[in-house]
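Each in structure tokens, the structures are laid out below.
Both complexes shown next keep chain A, but they swap its partner, so chain B is in the first and chain C is in the second.
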Partner chain A sequence: MTPPKKKILMVDDDPDYVEAVSSFLEANGYVVLKAHDGRDGLKLAKMEHPDLILMDVMMKERTEGFFTVQQMRRTAELEATPIFVLSSLYSQAPDFRIPPEAGWLAHDEFFSKPVNLMELLEKIRNCLAERAHEEARP
Partner chain B sequence: MTDQTEPQTIVVIDDDRAIRLSCQKILSKSGFNVETFDNGAHGLEAVARLKPALAVVDLKMPGISGTEVISRIHESDPGIVIIVITGYATIDTAVGAMKLGAYDFLPKPFSPEELRLIVNRGLERRRLALESHRTEMEREILKHRFITFVSHQLQTPLVAIHQYLDVLNHLGDADAAKRREWIDRSLKRTEQLQAIIKDWLTLAKVEGGLYSRQRAKVDLRETITAIIDTYEDSAAAEGVTLEDRLPEDGCPVVGDPNCLSVLFDNLIVNAIKYNKPNGKVTVSADRTADEVVVSVSDTGVGIPEKYRKMLFNEFFRIEELKKTTGTGLGLAICKRIVSELGGRISLESEVNVGSTFRVQLLAWRDPVNVEQEEERQKDAISNDTAQEENPDGR
Partner chain C sequence: MKILKLPKHRLDFFASVVQQFGEVHAPVEQDGKFVFRRLTRWSEARLDYPRTALPPKKYFLPPRETMFRYRENEGYVPSMDELNRRIILFGVHACDVYALNILDRVFSGEYDDPYYQTRRRNIAIIGIDCMPDDHCFCRSMRADFADHGFDLFLYGIGDYYQAMVGTALGDDMVLATGPLFEPMTQADVDEYKLRSSGKRRAFRMEVEIRDLPEIFEMEYQNETWKELGEKCLSCGSCSMVCPTCYCYDVADHVVLGARDGTRSRSWDSCLFSTHALVAGGENFRKDRSARIKFRYYHKQRGFVAQYGRPSCVGCGRCISACPVNIDISEVINQLRGVQDAVAK
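Here is the complex of A and B:
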């Protein structure tokens, strides 16, 4: 029996961006859930318990993604879900850097948009494999 | 000082009883609701429960340290103003506390005035911060992060196109219909990007005076009829009829012909775009000696009150109407043009009934006519005088 497909939740307000990235991930064996704003993202995450979350930053509000990450981290069942932030923020505002010690931005990876799809795929695979390994341990 | 009716809550966390009592006394007198705690753990619990506006925290306490308390308060709600009390005020401890999110620090011993001053200053800053947070986020962006915002607007379609091309590259064996869809959607986003750049350039030209320098006689009747002719068929295809109720003998204004075309083109296109099936667009004009007032009315969706203030801002788009294509720059261009021409633009709107954009512009007066008019008036006056002098008309 093949193992069930891993679920990835993608939160992004640009339907074209979601279509592009999710098509690529689906072709690589993942199920992709889609939400177009932070609120729906949080709701869907609580309902579906995805294995990993891809989060945009500037949606309706400039820092909506960051706030959503924060809210997810405060939700018990999502506390440990890996979150990858995908944003064009850094390329636009090179002076905008979040210090790594900033506790409020507890995401696991950061990607500049447009992302290198192969790199994204590899990071997702590694991250999920690591989790599986951790869970398998007694 | 504040417009709040409820007294604001201040939490004081200090192991020194004397400090707690004096803070309680001083701040209660100023009308605050003050709660004091002798250790970090109780203090943090109270902060979570009471959601105070401000917290006064001693840096040196047994148990959870002051710095830990500060960073945890700041983490839980960055809006809470934190004031640090310290008996060993060094630059290092102060900077350290600031880094953790404290607003200011108060070295021991302090006078009641010092405490009151620093608390009031902190609360004032909080009030301002909350206020500016309340004013719509987009407006804030326009003011402070304009360049980031513009580049986000330009980059978003580009990023989507790039990612589609990437996917096409990686998934060459995907379904042909899918690939076609990705290409079509990329093309749409390319068009969107071009439209934004075009509008952005128009705006820049208007602002730079390139588009608005000329002050000629422009007959708006001609300008508007030409626009209506252009869009009549495409509007009819959407079930929208266009009607002009402009004075037969024209309505000349002072302005730049290019600019005025862009202005009314934008208003009329919007009136068609945000209309309803079987809707109507009416363009009418009123003339006075000094002014021409043109109204562009639609029978469309209307603009909710809360959006009206921001409507003319660059890149502002009404959330509910984002499905309709647009760059978010059209009305910003209109406003700019009207103000360059010394006119005014205003809006009346009722949700689900329609909107009317009213443009007031300076009426054109022929110099010759002015002279003739003066002549005529002079004649009229001398006739009157003549009549007075000769009441029987002889």
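Here is the complex of A and C:
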């Protein structure tokens, strides 16, 4: 029996970008759920329990992604879900850097836009494979 | 005390970074009023608010809370889960910080309250300076400036917030944001002084509290109390919104027919007709005038004797909340024999 496809939630306010990335991921065997702001993203994540989340930072407001990530981190069923941040934050606010010790993003991947899709795919595959391996461990 | 400055346009980044220390709660607008609530996005925060409907007290002494449950064979099991939530209260005014410092004295020392104290440890305070409106008299109550009781305190001056670091946690927050904060210059110090004197001049309400306990002592039979009793509805709104009123009632909720239950406490008010009712049916403050007089005496005289200062911080909430427009500043000025005191 074919295993169920892994679900990825993509939260980004740019519909064209969502379309481009989700088409690529769907072509590579994933189901992609889409949300266009932090609130919808959080709602969808709570309902659908995705295997991985791709999160934009600067949406309707400049730090929306940060607040959404934090809310996900503090939601019991989502606290362990891997979150990859895809953002042009560093090109738009060059003197701001997420401090490396900042626990609220420390264990996630950060991709600066424009994102190399092959690299993103590889990281997603590795991350989900690692988690599957951990879950299978007795 | 370490003092730095933060460009105002970077405040959203700062708020994002401090999220690692806890859930960010701040004043948000709700039905034309302002309330402290957890933010879902930074733009909800309204740091220019005049005052919140309920003070931050609600986080430390919730309107209703279960203290513990008891069960046969288990004994007393304290309810500690909620107490360990780490929260950042962002945008607390100086008078409200001052009020918490007053509550600290009530809930520690002779009678330690572990519920209050655990919350006080787990809830960080980022204060923010404000300008007075028509109901503010915190300056008269010496509560317009907080020198402790916060982790960080922000003064909005020009394009910057000047940030006073109050605790090691506050310092950690500053350090975690990397290069967002900048050192102060002499020009910033001068601007702070200008802002401070501008704020001092902005107060339109003044209440003289010097020798007030003595005047209360002498005016115990003053007609003012009777008049107030006729006006007051004993609704308790002033106590509910007061940042330093801490009376609570304790009740057991026993499961019918079983040997378990919970013990909870909820806010009470000395204005309620049952507040001084004791077993046997005796009520020490049957009349409304006795109850409102008690409230004034406790806050302005009894507290001074016990803790060295009145428990009022001049936030003006009781004036805003009173359905029959009882105004504490008018009451005090009437007792002092000062007329037309509100219009300075």
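As a convention for this text, the second predicted complex is superposed on the first by the 134 of 138 C-alpha atoms of A that agree within 3 Å, B and C clash if a C-alpha of one lies under 4 Å from a C-alpha of the other, contacts with A are read in each partner's own complex, and residues count from 1 in each chain.
Note that in this section a residue touches a chain if its C-beta (ideal position, glycine included) is under 8 Å from a C-beta of that chain, and two chains touch if they have at least 3 such contacts.
Because the structure is a prediction, the values reported are computed rather than measured.
When the shared chain is aligned, chain B comes close enough to touch A:Met58, but chain C does not. Touch criterion met: A:Ser88 reaches chain B, while chain C stays clear of it. Once chain A of one complex is fitted onto chain A of the other, the partner contacts of A:Val115 are limited to chain B, with no touch recorded for chain C.
By the touch criterion defined above, A:Gln71 reaches chain C but does not reach chain B. By the touch criterion stated above, A:Val21 is placed in contact with chain B alone, chain C being left untouched.
In the superposition on chain A, no contact is made by A:Glu134 with either chain B or chain C. Comparing which residues of chain A touch chain B with which touch chain C, the overlap comprises 60-62, 93, 96, 103-104. Listing the residues of chain A that touch chain B in their complex gives 14, 16-17, 19-21, 23-24, 27, 58, 60-62, 88, 91-93, 96, 103-104, 113-115, 117-118. Contact residues on chain B toward chain A in their complex (touch as defined above): 71, 75, 78, 137, 140-141, 145, 148, 151-152, 155-156, 159-160, 162-164, 166-167, 170-171, 174, 178, 182, 185-186, 189, 319.
For chain A in complex with chain C, the touching residues are 38-39, 42, 60-64, 66-68, 70-71, 74, 93, 95-99, 101-104.
Chain C makes touch with chain A in their complex at residues 10, 12-13, 15-17, 19-20, 23-24, 39-43, 176-180.
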